[in-house]
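Each in structure tokens, the structures are laid out below.
In the two complexes below, chain A is the common chain; its partner is chain B in one and chain C in the other.
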Partner chain A sequence: MLNYIIRRMLYAIPILIGVNLITFTLFFVVNTPDDMARMQLGIKRVTPEAIEKWKHERGYDKPLIFSEAEQGAAKFTHTIFFEKSAAMFAFDFGQADDGRDIAYEIKARMLPSLAIALPVFLLGLVVYITFALVMAFFRATYVDFWGVVLCVALMSISSLFYIIGGQFLISKLWHLVPISGYGSGLDAGKFLVLPVIIGVISGAGASTRWYRTIFLEEMGKDYVRTARAKGLPESIVLFRHVLRNAMIPILTGAVVVIPLLFLGSLIAESFFGIPGLGSYTIDAINSQDFAVVRAMVFLGSLLYIIGLILTDISYTLVDPRIRLE
Partner chain B sequence: MKATLKYLLAPLVVLLSACSGNPWNSPYPAADAGKNTLYSAFSERPKHLDPVQSYSSNEILLTAQIYEPPLQYHYLKRPYTLIPATTAKMPVAQYFDKNGANLPDGADTAQIAYTIYEISIKPGIRYQPHPAFAKNEQGQFLYHDLTTEDLTKVYKLADFHHTGTRELTAEDYVFEIKRLAHPRLHSPILGLMSDYIVGLKEYSATLKAAAEAQAGQEGSDAYLDLNSHFLEGAQVVDTHTYRIKIKGKYPQFMYWLAMPFFAPIPWEAERFYTQQGLAKKNITLDWYPVGTGPYMLTENDPNRVMILERNPNFHGETYPSEGMQRDERAGLLADAGKPLPFIDRVIFSRDKESIPRWNKFLQGYYDASGIGSDSFDQAVQLTGQGEATVTEAMKAQGIRLETEVATSTYYMGFNMLDPVVGGLSQSARKLRQAISIAVDYEEYVSIFANGRGIPAQGPIAPGISGHRDGKEGINPVVYDWLNERPQRKPIAAAKALLAEAGYPNGMDAKTGAPLVLYFDVTARGADDKSSLDWMRKQFQKINIQLVVRSTDYNRFQDKIRKGNAQIFEWGWNADYPDPENFLILLSGAERKVDNDGQNAANYNNPEYNRLFEQMKNMEDSPERRQIIDHMVRILRHDAPWLWGYHPKDYGLYHAWYGNVKPNKLSNNNIKYFRIDGNLREQKRREWNEPVLWPIVLGLMVLVASLVPAVIAYRRRERGMGTSHTLPAAQEPGAGNA
Partner chain C sequence: MTMLFKPVILWTDSLIYLLVIVVLAFVWHVRRNEHMLAPWRRVGHSASGMAALTVLVFFIAVGLLDTVHFRPAVENNDNGNSEKVYSVEVLSLLDIIAAPLRTRVEKTYSAPFAAHLYARETIELPDGGQIREFPRLQFGGAHLQNPEAQLTADVTWRAAAGAGLGVFVWCVLVILLSASLAHRDNVGVLYTLSAIRRGATEIPWNAVLVTLVLILSLLGAALALSVHYHILGTDKVGQDVFYQSLKSIRTGLVIGTLTTLMMLPFALLLGIMAGYFRGWVDDVIQYIYTTLSSIPGVLLIAAAVLMMQVYMETHPELFDTIAARADLRLLFLCIILGVTSWTGLCRLLRGETLKLREMEYIQAAHAFGVSHWRIISRHILPNVMHIVLIATVMDFSGLVLAEAVLSYVGVGVDPSTISFGTMINAARLEMAREPMVWWALLSAFGFMFALVLSANLFADAVQDAFNPRVRTWPVKAGKPYRRKRQEEDPETKPNAATAKDVISP
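Let's look at the complex of A and B:
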């Protein structure tokens, strides 16, 4: 297994370079270093000298990908792309365009992101699987039918609607929890209730339907028929046999997102005032801060790859037939 | 592990907070209830808090409370009046010729080689407590030689446990002027000030060379000793006096002395913050200001909250005892002579979205709020006389509305380099005049700004010298004076002008082709479609086809810089209350194309330019106003802009928020405000009683749906048990099911 993991980690390098190159290209198609300088320095009274100085200090006065003026390897290494990318592979994210240290910010913001994402993930998993099992148990009855209708309805509504609606009902009309904000330490609790509830509800439709489909597929298999033929109660059939065998597709979807939980949610964090990484990414996009955008995309790609490897490993844990070679 | 435990305990905290007596939906700790704190929100995190770099309004909101430039604006007087902040008296400009001979006040501008401002600050002003000043018993600085080991347990400024202070000196003001040229800082006014402060340009070059030499030295940190280099334009006279030397005459310089760019910075702070390792922890002067103002920044988490607390060393400034006549009636002079500031703490919470921000204001968790277009109808209604007032619902909550015309202008510009709409030919001029009549800004303000604006008659905003009200202030090209008010000329007048311009009925008289013009705008969302459609219709009134060219903001700016736009929209916020600050926007020397200045329309009228040069260095006087009137007449005639409108700012304030008078140029206003914490607490509780029936109903629904499910489950289980005819094989653990 170790060889497999090492091999997968090595595969990750060209993937990360590719992602980095695409991010770089897309970003610089839309923005030039001059645009970035103007965004940081403002519009009023900015001189061309100030723009040149800003670019020079941050290394944005070099060619983008290829430097004709240089010789040999320097044609590629004395470029914005190489200089900005090479350091990142050593996890040196450098400074944001406003001068703040990116690694420091990421560390500080990871926990608030996790504070919402982890409860939503765990609670969501329990709730979705439970509802999916209930629907599977009552398959082809009105419970199943109306359950599916409800799921489709939940899927059809934008997550923004849940957020605004939730804030309106629970915070504004019923005064039960704060509308938005975040506290340090234990004080964070009261701010998390609403985003967690909304996070779970907004994901309920799609996930419950998907898990129901998985369960129904498993329930049609021979081993389930055999279990029933043995006279096992349906609860045992569902929880002991169906659930266990449905774990592989469930794990596929669930484990891969675990590392990504650190990155937070772009919309929810903005609306609930949670100072997490999702909010950080949105701010960086809005302010054309390439250093932060690049760091966040790199981190996202890396965590996604880690998620895929973890998924592979988890297969071996839940299905003894699978061996990583 | 510790952190995880914290979050597992979160539900418990929710319950505890519910039992604390604090409203359940309060975003603040119960311990803060009733305290003398101002609660405000910010949506965008500040980029810079270093006064030499900061230029945005959201940054100045903070820096203006912390730093004290030598001058400030009187809080209540209008027109805006400069008064001393830390100076003992108002500085007086002294003029000198090229031989150094003192010239009288009314001397010819051409004779004046330089101006000297000698500024004396009040003795006894002290800085806020700060670790940069902390010393040991031997009088040595505690934190000026930090090692990597010293910094291992430092994560924020408060982790330095010792603080100190010292008296403000003239040297600190000179130090800040020198910092304008610091090679590692980006002062937006360096270019401008290099043209005025004697020797600043050379000083900048000297510092650049020194920084480059320093960069090569091993182990050196980022500290650059500015005091070891000489700057002729800023010099210390004695402990409490310094002198600024300006090239020629520049009366507007006094206004700059009221901006944070000229606030004092102690060298100790620069020395402290430039030590290696602190920047990596985001501990920099750009994020942790050191000032003498009424407040100091004690918590700086720009992602969540920024807290200002009363500076215990603040010098004895008092509330103004004079103002305008209506200020007395409004109770704004009740606190006259009382020591400032009134509020102990200011909490700025970050709320990026307008909906939560607005709702928290209505719940009493923010003390004041602006009004977004979404909530305008909910908040404001117009009286029969067209006056804006709060709605009944707002009135019932004790919320009041304060309005003020901003010292800003939003205009639509013509690129004067464009072959169709540009140039000073009679034809192009008449075309622009026709469009000026056709685009009905009264309607625009009414529809798209909810009436929050005044259609402009020229470039100068109300409240600024040179702006004229009434009949003599109207733009005769666009308006007639009828029934004691300006009346936009009829469309027939616009059509006539268009025909005279060579486009009868919107067709080119030479080619017979329809006139098509291009409106360059920044890419906007679906919400803006209606305003763009409206604009098309305005041009359509005189049969001109308007094509909207939408692009992103970067490309838009690029087009403007290169002169590739034809018609565009732009705006301007005044830096200071002088007409020069508006009229410069149309000065030929400031053209975007070629000169990269502020004149986006690239307007270049030699007569206007001449008058501008004459006017800009004059003191405010009847003679100067005459010149300004003449310049405005030229502009109205040439019509390089559709003058657009001057926005009106609307602010809502709760009943417990006192001493509020909107002041668009002065930013250090928090020290004048008053909060009645007890009234706020009472109202918050009243307005935020938790509504519990939905929880009860929810539980009942849950139980009601569980019962039939359980019954059905048991029935099914029993049914399945009996349906099997074969004896069931014993499944391990089946008996527990």
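Let's look at the complex of A and C:
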């Protein structure tokens, strides 16, 4: 087991290097630092000195990957690639445009992000599985049919509508919870209710339908027929046999997103004014803070890869047929 | 020679034309091959799928009208010669048809069917005094003498007249359809009509016609009213929201279809190559798509769009008009979305090819010395096309929804492009106004919902027809499937009764 995990982690390294190369190409080769400086300082009437100053402040005034002017190892270390891209492996993300340390910001903002994303994830899983089981239990009846119709309708509504509509209905019309904001400690609770509810509802259509398909596929298998033939009541068949076997595909989809919960949700956080990583990213995109976007891309891929490893491990835990060799 | 207009073919236009040609060629090809036609017949049997297709056809028609671009000629009276000068403004056929909507711009917000502005203004009276009141609109309801008394009656009358015209057109269509069906089957027209009503026709024409009468009466009423009113109100700068909603359709369709067109070459080529050649080719391709797909989609798109913005700022020579600039940005967005989303399909294609290459007929082709290229193009490609098709229709609605989110994040289409995303983005702050401005948001969401819902329903029909193993819709669920049940009578399917309890997976 340990052997396997170590090997999986070693596999992750080339992928992270690949991600790093992609972001390096995107941010420094497609557009040179000069282009970026000109864009940020305004295209017209920008002096070469201003560009040089902008680049120097951010450390973009070095050669891209190879420095002729330096000696020895410094030929490679005093470059943009080494200082900006390779340094990310040591979680050194540098500074944002407002002068703050990105790594520090990320640490501080992870918790608020998690405070919405985790309840949405857990509550969602329970709610979706429950509804999918109900639909599977009443399969081929009106309950099932209208359930699927409802799912398709829910899927077809933009997530922005859920947020704007929910804010309007619950906060503005009924004054139940504050429209947006965030507090520390237990105080945060009243701010989190609305985003969590909306998060669960906006994912309901697609997930419930997907779980229903999984349950029905499982129910068509031979062991279910055997269980029914033994005379087991439908509820036992459903909970003890179908649900347990259906957990394998459901887990695959669920475990992989767990690490990504740290990243939060881009739009929900910015609509509800929650100081998490999602709103951090949006602010960076809007103010064209390239360093922050680069750091978030790297962090996102890292978390995704961790999710993949966790998925593989969780397989062995729920499905004893799978051996990690 | 002078022309009234100068045709303009923007980048996305040419790709849409290409797509139309490809679709037409595909239809022609399918019609000639019975084995390819069979699954499409199953799509045709789905009532919800055909009703959705009817709605989609209308959206596509609006989108295509909005794709034919040109620059109208403007009179040049400065130096007296008859040389035509073309306007810098790029218009489309839709702009010409909807000219009353496009040109009649009010001062600022006005509610749907309003005859007055939404905000009070101070008006100077002739005697020097001032009053604060809601001024009349320049165009909306301008033909009414006394809006307070006449508005409701006028709107009702015009809506009824428009809807009546729509229903009349529908009746003509019904008669034409049943006449042609009756002619084909060599039966009476009345018999065909009753067959359609009962839903006994091969294609569920009753579902199509019910959808059609809804669309036509709504369309008729909307057209009749929009000449005299802003039926969905106006936005902050007084532009008609109905016109903006119509213009958004093309943007949504372009994103939903061209993105797939962009990603198909990658996914097909790499996916089939990885599955067919295996070995190091497989390793390299797997590495590429694992790396790409490990970057969270929104972040990769955001990074790429940011860089595209910088590139377009520093290369203004790529475009000559504002429309060309916006169009280029739309194209880049499609390319970026395509590059970030091909990995899923690629993985599916690789898996399917791995399975196919072990089949006997491909082994036989190897034994006969058929070249790799020929095996791939003649034996593998046709057998993975159903996966491509399903993925294409399934992705469409997701991409339309994604556009709105991306535009909100600030990495979507150009702000000058009218799209659902830019409409929502512009309107969301208006929710905080007192009194609230709700119509722009609701129109954008409503149109988007109609487009996405019909795309989803059609995609489900395609999925069920091409991949019967995965059932997205309940099969024997009451009314909508009555027709199907009649077909599967116990006499034709003796096992149907015994298999009653076991749902088909």
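Quick note on the criterion: the second predicted complex is superposed on the first by the 285 of 325 C-alpha atoms of A that agree within 3 Å, B and C clash if a C-alpha of one lies under 4 Å from a C-alpha of the other, contacts with A are read in each partner's own complex, and residues count from 1 in each chain.
In this text, a residue touches a chain if its C-beta (ideal position, glycine included) is under 8 Å from a C-beta of that chain, and two chains touch if they have at least 3 such contacts.
On a predicted model such as this, the values are computed, not experimentally measured, just so you know.
*Asks:* With the two structures laid over each other on chain A, which partner does A:V30 touch: chain B (first), chain C (second), both, or neither?
*Replies:* both
*Asks:* Examine A:R38 and indicate which partner it touches, taking first as chain B and second as chain C; both and neither are also allowed.
*Replies:* both
*Asks:* One more residue to check, A:A86. First (chain B), second (chain C), both or neither?
*Replies:* In the superposition, A:A86 touches no partner, neither chain B nor chain C.
*Asks:* Considering only touches as defined above, state whether A:Y280 meets chain B (first), chain C (second), both or neither.
*Replies:* After superposing on A, A:Y280 lies in contact with chain B but is clear of chain C.
*Asks:* Could you say whether A:L317 touches chain B, chain C, both of them, or neither, answering first, second, both or neither?
*Replies:* A:L317: touches no partner chain.
*Asks:* State whether A:V126 touches chain B only (first), chain C only (second), both chains, or neither.
*Replies:* neither
*Asks:* Thinking of the overlay built on chain A, is A:I164 touched by chain B (first), by chain C (second), by both, or by neither?
*Replies:* A:I164 contacts both chain B and chain C.
*Asks:* Check the contacts made with chain A and report whether chain B or chain C touches more of its residues.
*Replies:* Ranking chain B and chain C by residues of chain A touched puts B first.
*Asks:* Would you check which partner chain A:M1 touches, where first means chain B only, second means chain C only, and both and neither mean what they say?
*Replies:* It touches nothing on chain B or chain C.
*Asks:* Under the contact rule defined above, give the chain A residues that sit at the interface with chain B and also at the interface with chain C.
*Replies:* On chain A, the residues that contact chain B in one structure and chain C in the other are 30-31, 35, 38-39, 43, 141, 164, 167-168, 172, 228, 288.
*Asks:* Spell out the residues on chain A that touch chain C in their complex, using ranges where they run on.
*Replies:* Of all residues in chain A, those touching chain C are 14-15, 18-19, 22-23, 26-27, 30-31, 35-36, 38-39, 43, 139-142, 144-145, 148, 152-153, 155-161, 164, 167-168, 172, 209, 213, 216-217, 219-221, 225, 228, 260, 263, 266-267, 281-282, 285-286, 288, 290, 293-294, 296-297, 300-301, 304-305, 308.
*Asks:* Inside the complex, what are the residues of chain B that reach chain A?
*Replies:* 3, 6-7, 9-14, 17, 23-27, 29, 45, 47-48, 55-56, 183-184, 186, 188-192, 279-282, 284, 286-287, 301, 303-304, 349-353, 355-356, 359-360, 362-363, 365, 552, 554, 557-558, 575, 596, 598, 688-691, 694-695, 709, 712-713, 716-717, 720-721, 724, 726-729, 731, 733-734, 737
*Asks:* If you look only at chain C, which of its residues touch chain A in the complex?
*Replies:* 287-288, 290-292, 294-296, 298-300, 302-304, 306-307, 309-311, 313-314, 397, 401, 404-405, 408-411, 420, 424, 428, 431, 441, 445, 448-449, 452-453, 456-457, 460, 470-478, 480, 501-505
*Asks:* Name, in rising order, each residue of chain A that touches chain B in their complex.
*Replies:* Residues in contact with chain B: 30-32, 35, 38-50, 53-54, 57, 98-101, 104-105, 108-109, 111, 114-115, 118-119, 134, 137-138, 141, 143, 164, 167-169, 171-183, 185-193, 227-236, 240, 270-273, 275, 279-280, 283, 288.
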